[in-house]
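Please go over the structures that come below.
First subunit A sits with subunit B, and in the next complex the same chain sits with subunit C.
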Partner chain A sequence: MRVKVLFFGRLREIVGCAEESAEIAPGARIEDLFARFRERHPELAPFRPSLVASRNQEFAPWSEPLAAGDEIAFLPPVSGG
Partner chain B sequence: MKRIPMNNPAEDLIQIVRQPIDPLVLMNHVRGPGDGAVASFDGCVRDNSAGRATLYLEYEGYEPMARVKMLEICAQIRERFAIHRVAIVHRLGRLEIGETSVFIAISAAHRGPAFEACRYAIDTLKRIVPIWKKEFFADGAVWADGEIPPATPAPKPESD
Partner chain C sequence: MATISQSPAGSAGSAKLSKEEILRYSRHLIMPEVGMEGQLKLKQARVLCIGTGGLGAPLGLYLAAAGIGTLGLMDFDVVDFTNLQRQVTFGTSDVGRPKIAAAAERLRNMNPNIEIKTFETMLTSENALELFKDFDVIVDGTDNFPTRYLVNDACVLLGKPNVYGSIFRFEGQATIFGASGGPCYRCLYPEPPPPGLVPSCAEGGVLGVLPGIVGSIQAMETIKLILGSGDSLAGRLLLFDALGMKFRELKLRKNPACPMCGENRTITKLIDYYEFCGIRGEEAPAPVTQVPEMTPRELKARLDRGDDLFVLDVRELHEYQICHLNGHLIPLGEIPRRVQELDSSREIVVHCKGGKRSAEAAEFLSKAGFRKLWNLKGGILAWSDEVDSSVPKY
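== the complex of A and B ==
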């Protein structure tokens, strides 16, 4: 199944794009999706402890299972205002 | 005499924009005949970061989620404070020194709740709204240190 993955801030710069589509196995969790990108971009690894994940525009635990069509984002510490 | 609704979330103004913010428009938006106070917060671009001269800032946001979180802030301050109307606008893109990046205006019958709600709104915005700021200096650029949004809320119990 496919999910949409969004990157912001320094993560967007590391990955080199703001949005990707990823094909994942049924039962995969948000953590698995991040691991996939971490393999391709090892520079992502040090940021993992400071990231939070969102699923369909709501904060979500890393253990949350994915569903087809989900919009997942990995969010660096926020600095608006 | 027609009664003007005082506490109507549908009148809240929540926007993410890329053009300069006009504070007067927002203050007038929340202002009504039943108000005794309009409190506002103007977040503006400072010319330095810990003493290092800033040239300009660039803001980027996860716009649909940022909007959801800004609406949540409105709901939270309506629960906690006796306020009437709320306007929260955040600007994205390149901002020059002195420009407004975020403006909040809140009306209430009395100044206490207006001030308190305004403080609560900006403090919460800086913790939970997915917007990021990059600071540009003469000799490079850095993503500003941010805040890690709080741990995800416990899963909601099934409703059925």
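== the complex of A and C ==
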């Protein structure tokens, strides 16, 4: 099944785009989706503990299962002012 | 809808607007959503802005202009040239002045009807509760993680709303934490990022208009909170992408296991936030390298002597275009695949802007077998300070 993935902040620069479509096995969780990108971009790994994930514009736990057509966003904290 | 408890100093009935104030706030007064009642609420409100920088500039300007009766400003910094591109409260003649003095002067001139309270101090775990208690709304315009956690925790402990805004390069976030039992900053971000992972404005850059937009959103939310009008951002994180020119929002939930505002809270007083964020002092720790350092003066002397030195610049192309030392440019991230451009039989002096990236590059090259390596101490900034002041600093 396909899901839409949005990246913010530094993640955008690491992954090289703000938005991507990903094919993932049914039953996969947000954590699995992130792991997929982490394999491709190991620099993502240190962000994981401080990262926020959302599913369909709602803050979501990492264990949340995905459904076809979901929009998942990964959001690192930013501190500039 | 989020609301605040008003200052106990007086009810809306006892305050009055002068004739001058009525004229000044006329465009507010003729809207039923504000009206005389709302304008008096603004006059009686006490708002504390932490930071008078990029976010603090529009915050201070619009809150003062709107007639917030008591406006607290807190900062301990001095205006410098790199601030002027976005911190629009300050003018060129303010460079070198304490921000608090320059901001207070500007805002007093803008609206002499309000009381401006200045706090030229760093916010700490020791002074936060005492400082916050006399204000109804706290607005977070700070620029670092330890202070953001401190502002959050102090607001939760005192039950005050925290109007939050934060920026990175072309992106901004804003919400209201801690309003009417809503989520707090720790519900969203329980863990601070490891030091050095998320660049500050000084390290990563920021487009000047961005804090203007995000700070204006914070000012708008502060005013709505005081008026009790409209739908507040409490419970929603607004995400602004300036390059894509998109506003998105994310519904937030209170985390029942939040150590600060959850059912079984484990944090009951303010802690050491630098320790919590894994940092001592402001700078992230420099990467450890065994490569020896060369000072700019030593480099100059050896170049003048005609020594065979290869200067390697590991900054980015857009930085090289600002200023350079005629070095060979290989950005840090490209060194692993372009290492064959370097001759290990020659002495190599690696430099960057301030010495951090060059230390990383030197460490990589040392592990790759290069032996005649130097790291230029303090980078091109130190070169400008110590050797050639015609090299611009950025």
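The rule is simple: the second predicted complex is superposed on the first by the 77 of 81 C-alpha atoms of A that agree within 3 Å, B and C clash if a C-alpha of one lies under 4 Å from a C-alpha of the other, contacts with A are read in each partner's own complex, and residues count from 1 in each chain.
Everything below uses one rule, namely that a residue touches a chain if its C-beta (ideal position, glycine included) is under 8 Å from a C-beta of that chain, and two chains touch if they have at least 3 such contacts.
What you are looking at is a predicted structure, and each value in this text was computed from that prediction instead of being measured.
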Can A:G16 be said to touch subunit B (first), subunit C (second), both, or neither? neither
Looking at the overlay, what does A:P42 touch: subunit B (first), subunit C (second), both, or neither? neither
Classify the contacts of A:P76 with the two partner chains as first (subunit B alone), second (subunit C alone), both, or neither. both
By the touch definition at the top of the document, which applies to A:P26: first (subunit B), second (subunit C), both, or neither? neither
Jot down the residues of subunit A that show up as touching in both complexes, subunit B in one and subunit C in the other. 8-10, 50, 52, 54, 57-59, 73, 75-81
In the complex, subunit A residues that touch subunit C: 8-10, 18, 46-47, 49-50, 52, 54, 57-59, 73, 75-81
Name, in rising order, each residue of subunit B that touches subunit A in their complex. 43, 59-62, 64-66, 68, 90, 101-102, 122, 125-134, 143-149, 152-153
State the interface residues of subunit C toward subunit A in the complex, per the touch definition above. 51, 53-56, 140-145, 148, 165-169, 171, 173, 188-189, 191-194, 197-201, 204, 206, 211, 237, 239, 241, 244, 248-253
For the subunit A and subunit B complex, residues of the former touching the latter: 6, 8-10, 12, 50, 52, 54, 57-61, 73, 75-81
